[in-house]
Each structure stands twice: as C-alpha cells, then as structure tokens.
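Going by the order they are written in, the chains are A, B, C and D; count residues from 1 in each one.
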Amino acid sequence: MSRSDAVRAMIADRRDLHAHAEAGWCEVRTASLVARRLAGLGFAVRVGREVLAADRPGLPSHEELKAAYRRALAHGADPGFAELVRDGFTGVVATLATGRPGPTVALRFDIDANYGHESADPGHTAQRGGYRSRTDGVHHSCGHDAHTAIGLGVAREIAAASAAGEPAGEVRLVFQPAEEGLRGGPAMVAAGVVDGVDVLLGCHIGVQARATGEVIAGYRRILASHKFDAHFTGRNAHAGISPHEGRNAVQAAAIAVQNLLAISRHGDGETRVNVGTVEGGETRNSVPARAVLRGEVRADDDVILGYLRDRVGDVVRGAAAVAGVAARIETAGGAAGADSTPELAAVVARVAARVDGVTVVRDAADFKGSDDMSSFMNAVQAAGGQAVYFGLGSRLGDVHHAPFFDVDDDALVIGRDVFLGCLRELGVLG
Amino acid sequence: MSRSDAVRAMIADRRDLHAHAEAGWCEVRTASLVARRLAGLGFAVRVGREVLAADRPGLPSHEELKAAYRRALAHGADPGFAELVRDGFTGVVATLATGRPGPTVALRFDIDANYGHESADPGHTAQRGGYRSRTDGVHHSCGHDAHTAIGLGVAREIAAASAAGEPAGEVRLVFQPAEEGLRGGPAMVAAGVVDGVDVLLGCHIGVQARATGEVIAGYRRILASHKFDAHFTGRNAHAGISPHEGRNAVQAAAIAVQNLLAISRHGDGETRVNVGTVEGGETRNSVPARAVLRGEVRADDDVILGYLRDRVGDVVRGAAAVAGVAARIETAGGAAGADSTPELAAVVARVAARVDGVTVVRDAADFKGSDDMSSFMNAVQAAGGQAVYFGLGSRLGDVHHAPFFDVDDDALVIGRDVFLGCLRELGVLG
Amino acid sequence: MSRSDAVRAMIADRRDLHAHAEAGWCEVRTASLVARRLAGLGFAVRVGREVLAADRPGLPSHEELKAAYRRALAHGADPGFAELVRDGFTGVVATLATGRPGPTVALRFDIDANYGHESADPGHTAQRGGYRSRTDGVHHSCGHDAHTAIGLGVAREIAAASAAGEPAGEVRLVFQPAEEGLRGGPAMVAAGVVDGVDVLLGCHIGVQARATGEVIAGYRRILASHKFDAHFTGRNAHAGISPHEGRNAVQAAAIAVQNLLAISRHGDGETRVNVGTVEGGETRNSVPARAVLRGEVRADDDVILGYLRDRVGDVVRGAAAVAGVAARIETAGGAAGADSTPELAAVVARVAARVDGVTVVRDAADFKGSDDMSSFMNAVQAAGGQAVYFGLGSRLGDVHHAPFFDVDDDALVIGRDVFLGCLRELGVLG
Amino acid sequence: MSRSDAVRAMIADRRDLHAHAEAGWCEVRTASLVARRLAGLGFAVRVGREVLAADRPGLPSHEELKAAYRRALAHGADPGFAELVRDGFTGVVATLATGRPGPTVALRFDIDANYGHESADPGHTAQRGGYRSRTDGVHHSCGHDAHTAIGLGVAREIAAASAAGEPAGEVRLVFQPAEEGLRGGPAMVAAGVVDGVDVLLGCHIGVQARATGEVIAGYRRILASHKFDAHFTGRNAHAGISPHEGRNAVQAAAIAVQNLLAISRHGDGETRVNVGTVEGGETRNSVPARAVLRGEVRADDDVILGYLRDRVGDVVRGAAAVAGVAARIETAGGAAGADSTPELAAVVARVAARVDGVTVVRDAADFKGSDDMSSFMNAVQAAGGQAVYFGLGSRLGDVHHAPFFDVDDDALVIGRDVFLGCLRELGVLG
C-alpha cells in the first residue's frame, strides 16, 4: 500500500467512524471493526471481558445497551466480535510481541463519541463531506474518531514494518471505550491492560493546539476530576389547589445548579464546575417531586478536588434543605490528575520536529481538561514506567463538544507519524 | 339492574379506568369504551373530529400518539371507535333528544389521567385493590376516572328512566379529553359541543371537600390560567478546556425557575406559579446548550393573569440575558376564570340536600385551581345559559396529583345521584 | 371655632406632622405635641411608661433614639412631654370619663412615619404644598399623619361637645407609636390601655379605597404577620489569593432572598413574603463574612402563618448550608390576624351613609395587609367587646410606602365625622 | 543605633501603625508620621498634591475624610504634614539624590489598612501584644503596616549608610495610599512619581509564602483586576397591600450576586469574582427600591479580564430585567496585570540567598491576587526599566483579610535586608 493509499485509508476510516458515532460503552460497531482489522493485520487481539473489569461506572441501562447492539449490527458491525463486546465491554487490546528483548510500549486510543447534536448546517464539514453522524444526538465532537483512525493507521504500518524489519520488544495497542465521563480507563487498568508497560504514549487532537502542524510534546496538568449525579426527591401536590403541600425538587435542583456554578475558585490552582444535564418534574400542573443533575468538578490536584467535592456536598444538601426535599449524591466517574514524564516528552519533541508537516513543536502545555488517559499514565508511572500524552494540532470546525466540531484530516497523518517515529526511537520498530 | 348492581358496575368502571390510565390526548381506550357503552345505551354518539376542533394545544408527538393507540388496543379498546378517536381526537358526546319541548342540559365529564408516579406501596388503596395503573408514569391522580364512571352511571340511569318515564328537552353528555393542561375544553367548545345548551352541570371530586358526604353547591373563583413552555438556547463547549466559550442554557433555566417561583403575589387576588418540568443539557462534560421549562400561572381574574404573564416574560428573557443565551416562550394552553351561576348553584344545593349519603351541603367555595370546565361555563353563560361546577366530597388517599391519590368509591353514587336529581329538577328526566 | 376653622386646623395639623415625620419609637415631637394638645382640651393624659410596656421589639439603637430626641426638640417638641416619651416610650392615651353610666369606647390612631425616600419632584403634592418631610429618609407614606390629625380633630369636637352636651360612659383616645413593623400595639395592650374597653374603633386611610368619599364599614382578613431578621456569619478571606478559604455570607443572603420570595403560595389562603432590607460584607476585595436580612411574612390565618414561618426557617438554614456559613433567625415583631366585628361594622355603615361627603359605603373588604390594630382588636374581642377597623377612602398620590404617597385633605373631615357619628350612635357623645 | 535597636524600632513602628490602622485615602496619621520621619532622616520629602493626581477613584465621602482627619490628629498625627495630606492626598515620596552618576532606584511601600473586623480574641497576637486596631472596623489585615515599617527601616539604614559610605545615583522611597481597591497606584503614577526610574522594587508579605525565612524572588502573574459598583433602582410598594406594584431591587441584587459568582471559569487562565458588599432596601415592609453591590473581577490577562467585564454586564443587566428594575454599573478601580522582570528577579534571588534568616529562596511564584504595584511596574517597564515584586515569607495568624491576620515580626528584618542588599548590588548604596 502506497503512502497516499495509506493516508486515504486512514481518512476513510475516520469518516466512517464519524458517521457511525457510538457513545461510551455502546461502541459495539467501532470495537468489533477495530478488532477485526487488527486481527487481520496479525496482532494478537483481546476484547470484552478480557480487557475490562466488571466494575464500569456510568453504564447505560440494559435497554440502551441492547439498542446499541442492534444498531451496531444494522450499521455493519462484525457479528462475531460484536457478540464479545456487547453489554458494555467495548474495549480492544492488540499485541505484537517480537520475542526479541526490548521495551514494552503501549499506545492508547479512545474510541467513544459524545452525546450532543451535530450540526446539519451545509457549512459543517461533516455535513458537506457526507459523513455527519447517522445517529441522532451522538456526535464525534471530541475527535476520538481521529484517535481511533490514527490507531488503525499506526497498526497498519507496524504490521508492514514488522514484516519487513527487525522490531524488538512488544507493542500493545489499547483501544479504550467510554473516555467521556472518565469511565473506561479505570476498568481497563483494573483488567491489567498496561501491566508490564515501560512506555505509554497517547495523543489528543486539537487541545490547546488549534493549528494543523502544531505538536505539543507533552501535556501537563491534566485535571483531576469527579463526576456525580445529584438526585432530589420531594413531594407532588396540585399546583393550584394545594401547592403548599408540595415539596419542590425542581426548585432544589435550580438552587443547586446556580450554587454549584458559584462554588468559589481556589487560590492554589485551577478548578472547573459543570452541570451538564438536569431533568425534573412529572407534569406541568403538579409541584415536581423528582429532579436529577449530572455534574462534574475538575481541579489541578487532588487536594483542590477534595475541596470541590466537599463544596458540592454542601450545595446539594443545602439546596435540598431550602426546598424541604431529600437529596442523594452518587459518584459517576472520576480520575486523578496526571503529568507527562519530561524525559519521554523530550523524545516526542525530538521525533515530532522531524515529522513531515509539523511546523511548530511546543515543549509542554497545560491540558486544561481531564482525560481518562490519566488512569493509564498514573498506573504506568507508579510502576516505574514513563508516559506521555502529546497534543496533535488541528484546525477545528468548532470548539470541542460543540455542534460544528470536526478535525482536519491532514492532522491524522502527522499523528500517525509521531507515534511511528517514537516507536522507532524507542527501538521497538525496525 | 338493581341499585346495588348499578353501584357495583360504577365502581368496577372506575377501577378499570384507573388501572388503564391514559394521559391527555391519548385516551383512546377510555374514549372508545365510553362511546361503545353509550351507543349501546341508545344515545346518539359523536366522537373524534366531530366533537374536537383541529387546533388542540399541547398535543403529544406523533410517536407518543401512535404508542398510545397501540397500547389502547392491547389493553382492550374498542377497535372501531379507537380508529375514530386516534391521533388526539379522544372526545365523545352522547345525546338523548326527546323531541318534547324542554331545556337542553349538558353534563360534562373529563376523562384524562395525569403524568406522575402512582405509589406501589401496599398501603395505597389502588395497589391493595389491584387496580393500580398498569401504565408506568400515568396515574389517575385527579379523580377523572371517578368523573367518567359517574358519567357512565348517569347515562345508564337516564337510559333506564327514558325507557320508563317521560323525559323532555335534551340531555347531552360531554366526555372531554385533555383537561390537564387546559387543552381539551377550548377544542370541544370550538367544535360547538355546548352550542344551544341552556344548563351546564359538572363536578369535581375532592376539591375543597375531603369528606365523603360533603357537597359544595357551586365553585366560584375557578382560577384563570396560562400554560407556557420556555425554551433556552445557548452554546456548547468543553467544560474543562473552554468553558468560557459556552453559553449555559441550564443556568438560564435555573435562574428562571427560581425567579418564576419568586414572582410577587398580587394585592388584588390569588396567584399561583408552577414550573412542572425542566429538562436541559446534552452530556455531563459539556456546557449545556438547550433547556426547556414547562410552567403555568393562575390568577383570580384576567387582569392579574395579565400581570403574571408579563412577569413570566420578564423573568424568562432576563434569565436568558444573565446567561447570555436566547429564549423563546410558547403558549401551551390556558383558560379564563369562571364562577358558577348562583341560581343554578341553589338548585344543586336543594337537590344535594335530599341525596342519600349527603351529610353537609355548602353553598359555595373557592375552587383555588383552574379547570377546563371554565371554557364550557364561559361559553354557556355568554350565550345566556346557566352553569355550575359542583364539588363532590370524598375521602382521599392523598392530595391531588400525588402518588397515593385515590378516591372513595362511596362518593361515586352521591355524584351520580346529584346529577340525576338536578336532571329531574330541571324537568329533563321523568 | 367654626366648622371651617376646625377643618383648616385639622389640615394644618396633618401637614405639620407630615413635614416633621418621625419613624417608629422616635415620635418624640409628635407624641409630645399630641399630649400637650389633649391636655389643653381637658383630657386626662397618660404618656410614656404609663402606656407602654418595657418590652418593645425592634427598638432603634440608643444612638438613634438620642438623635431622635434632639431632632424633636429642635423641631419644636414640647420639652416637658418630650422628656416623658423619650427613649422609645412615644405613646399617648387621653381619657374623658363622664362618670355617667355608658360604654367605654376607645379610638385608636397610629402616629409613626416610614423609612423611605419622599419624592422632591415638583409634581409631588407635599413638595408643592411645602410640607415635604424635613427629615431625610423618613416619610409619612402610610397616612398615619392623617390618622393622627383626625384623632386631634375628633378630640377637639369631643371637648366642645362634652362642654355643651350630655355625654355618657368614657371615651379613650389611644395614640400608638411604631405601628410599622407591628411593634407598638402589643406593648400598649400589655400596658393595659384597652382594658375595660367595650367598643374599639379605628380607621386606615386609602387601603382598598382610593377614592375620597368611599368608606369601607369594616376590614376583615387583616393579615397575621411575622417579622424576622436573618443573620449570616461566614469567614473572610482575600478574594484574589485565597477565595476558597472564605465562607460567603452574602452568597447565603442572596440564596435566602431568592428562595424566601419563592416560598410557595398556600392553597388555603393569602400569603405575603417580603425581604425589606439586606446588608452584607465588609469590603470589596474580601469574601464577605457577615450579612443580615430584614423580612416579613403575612398570612390569612395563624395556621398559614405557621407554614410560612417553618418555610422561612428551612430557607434560611438551607441557604446557610449551601454557602457553608452559620445562620441565626430573630423575631422582630408580629401580630395575629383580625376581623372587624360584623355588628359594629353595621353601625359604622349606618353612620357613614349619613356623613357629609361620603359617596359610597361598602360593607366590608379584605384588608390585604397587616396592622398593629389587630393586637387591640384581638384584646378587646377576647374580652367580650366589639372592634372595627374601617376604611377611609382617599385619592392618593401614590401607592402606600412609595415616594409620591400623599392623601387628600378632604378625607380627613370624613374620617373625623364617621368617628363622631359612631360616638353619638353609641351614646357616649351628646 | 545598634542592629538590635534598629530591629526593635522597626517592630515598634509596625505595631504602632497596626494599632492606628487607617483605611485607603484616610491614612492621615500614617502619611504625616512617615513624612516627618523621612524628613528628619535627611530625605527630600514631597507629599499630598505633589505626589497624587486629582483623579483618585473610590474616594470616601467628604464626611468620612473629615472624620479621618480628626481621628488622625487625636491619635498623634503630625499637624503640619496632616494639613498637607488631608482630604485624600495621603501619599509620601522621599528622595535621596547623590548627584553621583548611577541608576534611579525606587522602592514602593503601601500604607493603607483594610475595612474588616479585627479579632479581639485573647489568642490573637495583636490583642495579646496590645496593638490591636483602635479603630473599629479597620484592620491591617493585609500587612501594609509591615511594608511601611520596612520602608522606614530601610530609610534609616540608607540615611546611616549615605552618611558613612559612597552611594551613587538616586533612591526614591514611595509610600502609596489606597492600595486596597487598586486606587492609589494610578494616581501616583499619573503624578509622575516613578518617572525616570530605572529599577523598581517592592515586596508583599505572606503571599504564597507563609513561612518566615522564605523569599519569592519575584511574583509573576499579578492579576489584572476591574472593580465595579452595580446600582439597582426599582419601585417601592406596600409589601402587604400592593406588592405587585413594587419592583424589587434587592431581588435583582440577589440574582446578580448568585450569577456573578457563577460566571464561568475561563479555559485560558485564572479568574476571580467577588461581591464584597451588598446593601439594599429601605424598610422591612416595603418592596425595596434600591440596592447596590460592590464587586470585582480579576484575571490572568487583559483578554480574560475583558471576558469577565462583558459577563458582569450581562449578569447585572439581565438580573435587573428579571426583576423589572433599572441597573447602572460604575467602574470603581482597576489595574492591568504585571510580571516581575526576570533579570531583576535574579538579582533579588542572589541577594536574598545571602540575607540572614533566609532559609528558602524560590525563583518565582504566581501572585494569585491583584496589586496596585502593577501600575508602578507597568509604568517603569514600559519606559524601559526593570521592576520586581518580591515575596516576603512570614508565619501568619490567619489568611489575608481575615480577623486573626497578623505577621511575624522576624520577617520585617529580612524584608529590610533584602531591599538593602539589592540597593548595594545595584550600586546605589555604598
């Protein structure tokens, strides 16, 4: 396969994934096709329960998982692998062990899409290009389609190279589900997928790097995060006849929204607060008895995250007390913060500077978001290994998680080539 | 049919309706079975588009209407009538015109159930009695099942009496869908179902009268009401990386909830405000771009209602401005206020005092709620007729619109007999 | 003194009082001049500690009381009586006991002005008439200047009549301080000023009667009320360097304001909620550690008032919990509800119909506000007596408590004459 | 004077200043005594209008300034200098020009205290030591008393050294009033007090350095800040009788407080929001017509500050719209951000490492607050000079701006010696 064919294939992969966006734990089509492709390239492939612990926070309902499975099959999933990854076991790990002495290098790619409306505006690149998501309300608005396509592109080159050359050590490709919500990472780490890894590499597209050709050699300050659901339970009453007998759960939720957003900044580092969704009430003319918020906080470190969690508790319980309703807070995901290993970041910087199309290499940048990559990085670093999360610059159609989000296909090749360059630099690729 | 058989039939009807609760515009089973029964009793029956104008506010989505139709058939609807009332045309009007000179008397019964959870607690009468709603999230928590069963009981006695006696004038039984939300009344009035009516009677169970045996001879101050939906549209953004690029629709909704509830009381009369439901956001880690509230205001009169509507506009638009999002307010229903005609209320009082089981007759009481009955009353009174909405006392399992709500079966017979007594007093029943 | 001279005197009194407005417990000039006048007319006059119990809620600070005393002297107070009423003992009771058998009739007038800015607009009647308040921030915006002037006018006629005619029984004129905030009434009742009273009369100008010539023969549903202060105590911190170490009392107050206003209406009767003042914080760049609200709730009856008080507690404590601060609620005044005695109201109606200038007499009307008159009415009625609070119609310059508020001088004569007519009807005036 | 005498004098100065705390623009005693001392030491002293432009934002009222002047005289101010610095001209600049070629080095010290309660707890060091503020509600809770005492200590040594040694260039000591609120700096810069300055040095005690012995060689990221007042104007009405005629300014303020605090974090840098004070309403039983907030926002850079100012506008105007009131925003102070010049910071680091008592020297740290020092730094740097704001570690009794705040006297000597060391290093001190 010529270089330009390989590029075309990677772009086609990305657009196909984009068009068939699947949200966290529902990536049956994505995982099954990734698994089939990697198996076809000669990798030893493990999927489903082999690579994911049973404890997976934020799992959708049984009905949603069933619907996702059916949709995946209707959209061309591989039936065999689909059976293995259904019911929220949508992870894939592919290994190429050379048998020759050398480091074990893991590359991690996340594969899930986001909930959110994708623009149908003719000005939206994915609409114009005919690869807008075919699933209403699910949109690859964080670029994981690009990450997955890069992973497949890297796999293709590794396979070709290992046929031709003299690789050493072991390469492990980790395709992670449910990154959004910080849910899949801990479950894969718990299943041991980065055990024995000496070097871990990953990338994110477009974060703090919105020009194609830019590379951030390693993010630091990936934010620690805590995800929570707050449930309020009050009491219904007829809104005209006996409103005073009601206890208003939607009022409690409204107080909570306002005051969660108003949790004070912290003097020692960055914080973030979001209430992503709210849902409450039964019917127009009844004092509403139920409401639920889905929220998250993020912080520069675990001490600040602890402060935020404490304040979330104060706000939710206090808001319930104001409205005279009951409150319950449930943890729905989370991750510690992480930093790239400086020595490994230096390797990435050196490699990236030589990659075709790269115009700017920045040593480091604050990530400013959270990412499940933290879980893998912390596991590898705690065991004495090195980890880097590098930034892959790309022109974007919109900010992340927004309706016009799309990436620049040219960035895919750069991403692939940085990974390949690192593998060569580390000696695992001939 | 003996008196006790008739009572048993009415109770059985009520429990069957309770168990197969259907929400507004979805009452396919209810309407079809009512129509079949009345036709069988010899009434001239009109249904669907004959008795409802096309303009029906707050109609559910096409999908919901289809699902309601399927569910109704599965639960034993009459297939023929179901076909006529499907797609939100769930009204029935049955007429018995004697041909002999006399007044035209209309009796109006509402038939819809409420959205809301019905308790499954063994202490809940409907649970213990085996007639708890079989449809999740739909509950006859306002007693319209009782109203409908009373209407059927009245119809049975009219049929028997007209066979035996010497009725005069015309009796018209109006079974109204979608009372909740004040949606069905205007559509039936627009279709002319109370044209030519001299006297209009209706009742509500348990409002301001929570003891079985109590009758309120006529409600006054049925509140004027305005139902509205407020839509907020902001802009998504990644909650960690670029929260400042978002415009938060859920924040706007939260401000609106708090400040709608805080709209000032009015010095000249009663007001009510409720936000029954709120729904917003797309996903946990994105600044939410959409939110919608479903609310209502009520007032003693139209001037005060106008004040409330103005303030709703201020609050919704102001809340949007605070959060930097766009807002849109849509009217979703409404009714003017109404008062019972005193002369007719005096007839009800006289009749009720003689009814078996009645222990207390009160001349009048404030209704304190709104009711689609207003639309019928205003139409009849404006044309020179008389109208009364009387209160039927009943022990209740809970306040209206609350999970343990259920009525006392003994009240059904009293309700039926007050209607029949009035028909006799008015000379339309022999 | 001719009738027109008497009228001119009453108008002059009212304008003088208006120009020298004194807020609750500070009415040193007003009380001293009232006492001097009544003593001069031959009444037995008691003032200060003789007519007020020591327990007087909402007393201003020692400094404010001292300043009020000085200002009163500067503005022409009677030095002797001023000494007796200073330090918040600003009540006056004047008695004319005939020694002849007959009922004891008390007439009650409130004398305090309001805090609030009086308009200096040339269109404002008091500004144009040259009697705008000379004390910044204190304004007779509730018409107590008119009440006091009427009381003086009544006293003058009683004195004249008793000289000429054959009065019987006893007339007691009660001039009450600190009506605003419902503070002076309980303290006068506790001092026994209505002990032994058979009939109690009082009036309010302009409430539910905004046309001169209108009389409401007796208010009913004077609202029960509870006045409270809510104190929040948090913790200061530098707003830039360590905001997370602060606990924000102003935030708690803001939550409380919003949710006090949002306390649900009650299905069984009217409610009112107000937060009249808020004050919090120390300096711009410090997380604020202190805040205080001054609020009130009102209700149709004591059950509903109890509901409101409970909810105030929930809101204040919950708001504090949200912000992580401490809260303390203090009672600052209050009164039960009251209703005029119907038989006595009928007397007023009969009398008023004959009074010159009266164009409309309404039997009764809801008061819609609270008033310290309740305390006197409840005391008299509980002891078997009768009480009426009648409405004196007047064209107004603005709504009560607003900057352009002023009354129509023509109403003063009508008010005086209704009182005099009642005294004659009751046989205590010849 | 021996070293230990000099140390004792500096400590005594600090405690005297602490006990006689004066808030911004009111530092009459402080400025007059500083001026007298410096004049006595042989410096050329300029004060008042010579060193402050007329435009001084956030000036207290005429009454407050007068009271401050009287209090200062009563507390021992120098009468002559007091006359020159009264009415808000409380700045002092002292110069020692050697006439020998060399750089012009300015040292800047801020002198104002904070509004806020100082603890009277026996555990509070200033209470125990007998130097708690004698002025209620004014407290040196930001350590400017220490800065001023250090300035005086430096002056004494300069005077001694210049008598003995061979200084070159010029030393200029700038004592700045009204640092709190960022008010005095621009007015001094506008008066030209740092014109011609080559090197500017300043320090802050205890910021990011809470151990005595720690020195931060130069703060970076001193936050840009904008101070604002938001005024809300509604309409009074009687809270019981006609609440609907009111337009509630306190409600608007409450909405604004909540949503100012909830202004979203910014993805590109730190932000701060504070509402330091709120005041609203006239009286308990009237819908409040007036309210005012005093707030501030801070940001890492001017772009982010612009975002915050835009959002403040949205929130204030939107909150007013919700409540139906008018809003007005006024600017009350502000400063751009600033960073220490790295080369000069390196000098400080080198010097500090040699200072007695210094245990840790950190190269740099984020300031995390705003400071009027920015105005001086920006002016000097813009003119081609160098500026440093260094951090002087100190054990603290509490966080800044909090009731137990007090500093460690040992830090004073270290601060003085770092300044002196720098002056020597720069060649202006022999």
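Convention: a contact is a pair of C-beta atoms (placed from the backbone, for glycine too) under 8 Å apart; a residue touches a chain by one contact, two chains touch by 3 or more.
Note that the coordinates shown come from a computational prediction; the quantities given were computed from them, not determined experimentally.
Shared contact partners of subunit B and subunit C, listed by label: A, D. Ranking every chain by how far its Cα centroid lies from the centroid of subunit C, the top place goes to A. Per-chain CA centroids place subunit C at a distance of 48 Å from subunit D. For this pair, subunit A with subunit D, the centres built from the Cα atoms lie 45 Å apart. Chain centres here are Cα means. That of subunit A falls 66 Å from that of subunit C.
In subunit D, the residues that touch at least two other chains are 238, 240-243, 245, 248, 251, 255, 258-259, 261-262, 264-265, 267, 272, 287, 368.
Contact residues on subunit B toward subunit C in their complex (touch as defined above): 258-259, 261-262, 264-265, 267, 270-273, 368.
Those residues of subunit B that touch subunit A in the shared complex are 114-117, 137, 141-142, 180-181, 207-208, 223, 225, 227, 235-243, 245, 248, 250-251, 253-255, 257-258, 261, 272, 274-289, 291, 294-296, 298, 332, 367-370, 399-403. Every residue of subunit B that touches subunit D in the complex is listed here, in rising order: 238, 240-246, 248, 251, 255, 258-259, 262, 264-268, 287, 304, 307, 311, 314-315, 317-324.
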